[in-house]
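Okay, so chain A shows up in both of these, paired with chain B first and chain C after.
Let's turn to the complex of A and B:
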């Protein structure tokens, strides 16, 4: 086995660190260099090259979406037929679409909507999932059984058709209706994950110890159980995110989601579909953007899982 | 009136295999400022008794089917959960066996100690913090103020048990239940923790119930001892009385299994083990529960006829056996005469 000397160095440092901590800790309570879970996790994370690159790309894409519309020389909605259907070139780095709008600027704008919906919907999913799962797991018994069987029934609902129906019921497709449509049928897995965590965590002795000093149930749940699920939840964010972004793209692509003149990556791809025989880059650019985002989110989730749960880490 | 009176407590676990009579008719009382030791081997109902007093048994599967736990005139068994929460940690505290798992790894030590005082005494953040430092100093954590913001993984096992003690004492409870407080600790640390407990007990003038399977621990700490076997009390007496004149064959066997370093009548050679294992608490025969392992029991006498009553052989000395030592000696004397 080839040992990367840098990694080996890191490992040795880690071991030395541990010993130092131990000595100081047992001796006389001398001031010890503070370290914590998140710092440890950070060090484990940056050793995972793929995850670091993916994280950097994710950050760059997000920053580009936020900042570029402000600095761009072009108005993303300005229609200039003289410049229509240009390929990538000097004045328009990513070319223009059928209305002559600058694609570099429009992609950033569409990204704001796509990523925004993605994160907000993920947050909503987490909130519902945490509330449902933690209550089921914490109360246990018949309540848990009932809630979980109900969840099993909901699991039968296909995600996208359910989102489509929700959109149809809500009527118009805006940012918030998209968020509702995308989160309403996708919090089931998060609820299950949280429930499983709570069930294992609540058997811990420190929970009994907390009860023995008179802690009430909401304190035990909020203070002792949920913070312990944080690692899993951080991973869940990056696992849910790609699915939600893909869902948004799909809905907008088939014309149910964000509609012109607003844009999202899915809606841009739909516009590109109409002209892909003439100017293929118009569909290619938003598609690549979606793929990049989804892939890097997956890699980040993977890296976080290894970093936050050392038990599954390969040695 | 005694501080705590446990009367005819029955805690049963209702499992798929049947009803486990983990605690089956246990009665004892603890006077203010006194220490009661509960001894017995694993699975004889010691911990379940303690958890029943605290109202912390897992329900379901367990349930207190009979009996009462009178604490200062209130029956804890029938107290609503909300009022019980006000008692726990405030008037009765508990220390658990394994300090490594009893502290939440994601919360700072200070947070976990202040949690209790803030909950029960409504102290402000600063006051609670000051109290926490004071408590940590009392349990002899060096540099207490500096260690308050550490997470539990920076504390050793002995230190964590001290933190647990600090948490338990934070509201100056009237009764402290220590469930095998030293079992998970190194032998050297055990003695320190026991000394600390005893010292703090005196200082706070608490009553204490100390649960252990280590006869050495109760000999040091307890005023009175209850010996449990298979969910029942088999012998109960003052500590000196029990060690000097053990009556129940089980107590004798427990003491025989103890190494002796000095003193008169020192035993030599191997320690005696008690053959067999405790009975299955689901299928209990209507006979003395210790009979299968008792060297004096035989199939034809009263041992097989029913569970012996707990009777008072001497004032304050209760035994549940058909063959207590004093009667055996008497019987032997009659035969030789």
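Let's turn to the complex of A and C:
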């Protein structure tokens, strides 16, 4: 995936976490108002104006993609040559493409595909990352060392060639093959983050206590360790999502996207590329949609990180 | 320090072997046959001869060993589709253009991104800071194909300032692709530098430098900048990835005969040896870049020598 600075920072923190010995127990003070992590995080999040706006925009874009195709007066696939290549106007707010299809409706449909692939691939990436990272972190020792060495070897490899080869292996490009292709070389960061988190958590007193009272390994992992990585994972979703959506767009743009008539934003951009010299809005609109989504997801990730993990708050 | 460098160097060998193995296995998983397509059926004997010629009839581990030997001697084997062409020829023909594009874009990103980040950090929370951070956030989010097509539309078609829209020969033809590919990394640099600068500005030694009456300009150049730019070295890895990914798209749009564009052609024509050779080449470049970054970082920041081997 396109690695962005904050992701790199998380990775570095994961490395630092590995070395950090946790000094447990702060001074016992006066009883404090009882609250929980998520309530706390929520209050911190809604105080961050930029993150709230970004979250609202993200939600609006998703709702538009889901709802608009049902409401729209236009059939997204109806070809009307009389209306072709219209700029934004009253009857077509975002204009039409080379086949006279309404872009406002098509963008919503394309968004369903792009965002759908984005979220599903992100979930797959998280699942692989959780499995790999918790395995390494929880077992520790030689296994951990070996698994991490393997990860180091793969870290930083360009994902696009491997995604392209994966698509070639799977044959045709459909929703699911895109998901697989985009996950195959993109889970390394998540695995590293999860592992770092587990290693740190493992040293906590409550884990030792659980072990001392005879809790089985799956109980420790499932009840104490994994739930505590949830915060990091929620952040990871919004860190991965932009990269996956851009990746899908790149693959579609170089002609390896899912087959028509289904269309993603990347494919709409690819179609727009053929006519951009005459009507640049056809490529601009799906690209701006991608940029809006990526930008707001980035801000949400920032906000979530500040809210869930104040330790890493940016200056 | 020597020990660190040697250990790091030795570790690179199994990493490269592993990456070649992975690529090798993936290539073998691809169904279909480069010699026989649905339009072009060939007799079984010829098929066998062809497989013998390209040593595709040997067991996989022999093929793998041969391939590793080839990579070690800088021979990536023959193309399966283009007769009388080696993968090496293809690399020689297309790689320099991609390299030049990547290097120019990197330079662009560096020259404009670093000052932008520095300015933003020095005027933190001012309109200038917000403006430049907004710009770099947007620059990071906008897909490079939009940047590229907009640049062509505005500068070549509307303003007609004489930048060609395709090719890679005159310097004019290199301006737009360089900007289009370099904008993302530039935004990355700006954000990273701003972050590290702000962190450095809060250090005790900066306060000391100020307290002992050093001129502010001197503090910035001598203490702040020097220490803030060290973490920027680590950006080389992600930026390289960004440039490789971006070059696939940018070369396509500007019709630059580079590696990224050829890669897609090779995949669609099922020229497996070319795809494999190019993948291995790109991976090895990344691995060596990581190696250099780690060693450089070890020199610049001795604390990391033991942590990152």
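Keep this in mind: the second predicted complex is superposed on the first by the 276 of 315 C-alpha atoms of A that agree within 3 Å, B and C clash if a C-alpha of one lies under 4 Å from a C-alpha of the other, contacts with A are read in each partner's own complex, and residues count from 1 in each chain.
To be clear about the criterion, contacts are C-beta pairs under 8 Å (C-beta built on N, C-alpha and C of every residue); 3 or more make two chains touch, one makes a residue touch a chain.
Computed from a predicted model, the values in this text were never measured in an experiment.
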First (chain B), second (chain C), both or neither touched by A:162: second
Touched partner set for A:283, first chain B, second chain C, both or neither: second
Which superposed partner A:294 touches (first chain B, second chain C, both, neither): second
Touched partner set for A:204, first chain B, second chain C, both or neither: first
Chain B versus chain C as contact partner of A:224, first or second or both or neither: first
Partner chain in contact with A:98 - chain B first, chain C second, else both or neither: neither
Partner chain in contact with A:216 - chain B first, chain C second, else both or neither: first
Which of chain B and chain C A:250 touches, first, second, both or neither: second
Touched partner set for A:53, first chain B, second chain C, both or neither: neither
Partner with the higher number of touched chain A residues, chain C or chain B: C
Touching residues (chain side chain C, partner chain A) in the complex: 14-15, 18-19, 23, 26-27, 29-31, 137-138, 140-143, 145-146, 149-150, 152-153, 157, 184, 188, 191-192, 195, 198-199, 202, 234-235, 237-238, 240-242, 244-245, 248-249, 252-253, 263-264, 267-268, 270, 275, 278-279, 282-283, 286-287, 289-290, 307-308
Residues of chain A that touch chain B when the two form their complex: 21, 25-26, 28-32, 36-37, 141, 204-206, 208-216, 219, 223-224, 227-228, 230
Of all residues in chain A, those that touch chain C in their complex: 2-5, 8-9, 12, 15, 19, 150, 152-162, 164-166, 168-169, 171, 242, 246-247, 249-250, 253-256, 269, 272-273, 276-277, 280, 283-284, 287-288, 290-292, 294-295, 298-299, 314-315
Chain B residues touching chain A - in the complex, by the definition given at the top: 54, 56, 60, 85-90, 93-94, 96, 98, 101-107, 115-116, 119-120, 141-144, 146-147, 150-151, 154-156, 164, 167-168, 170
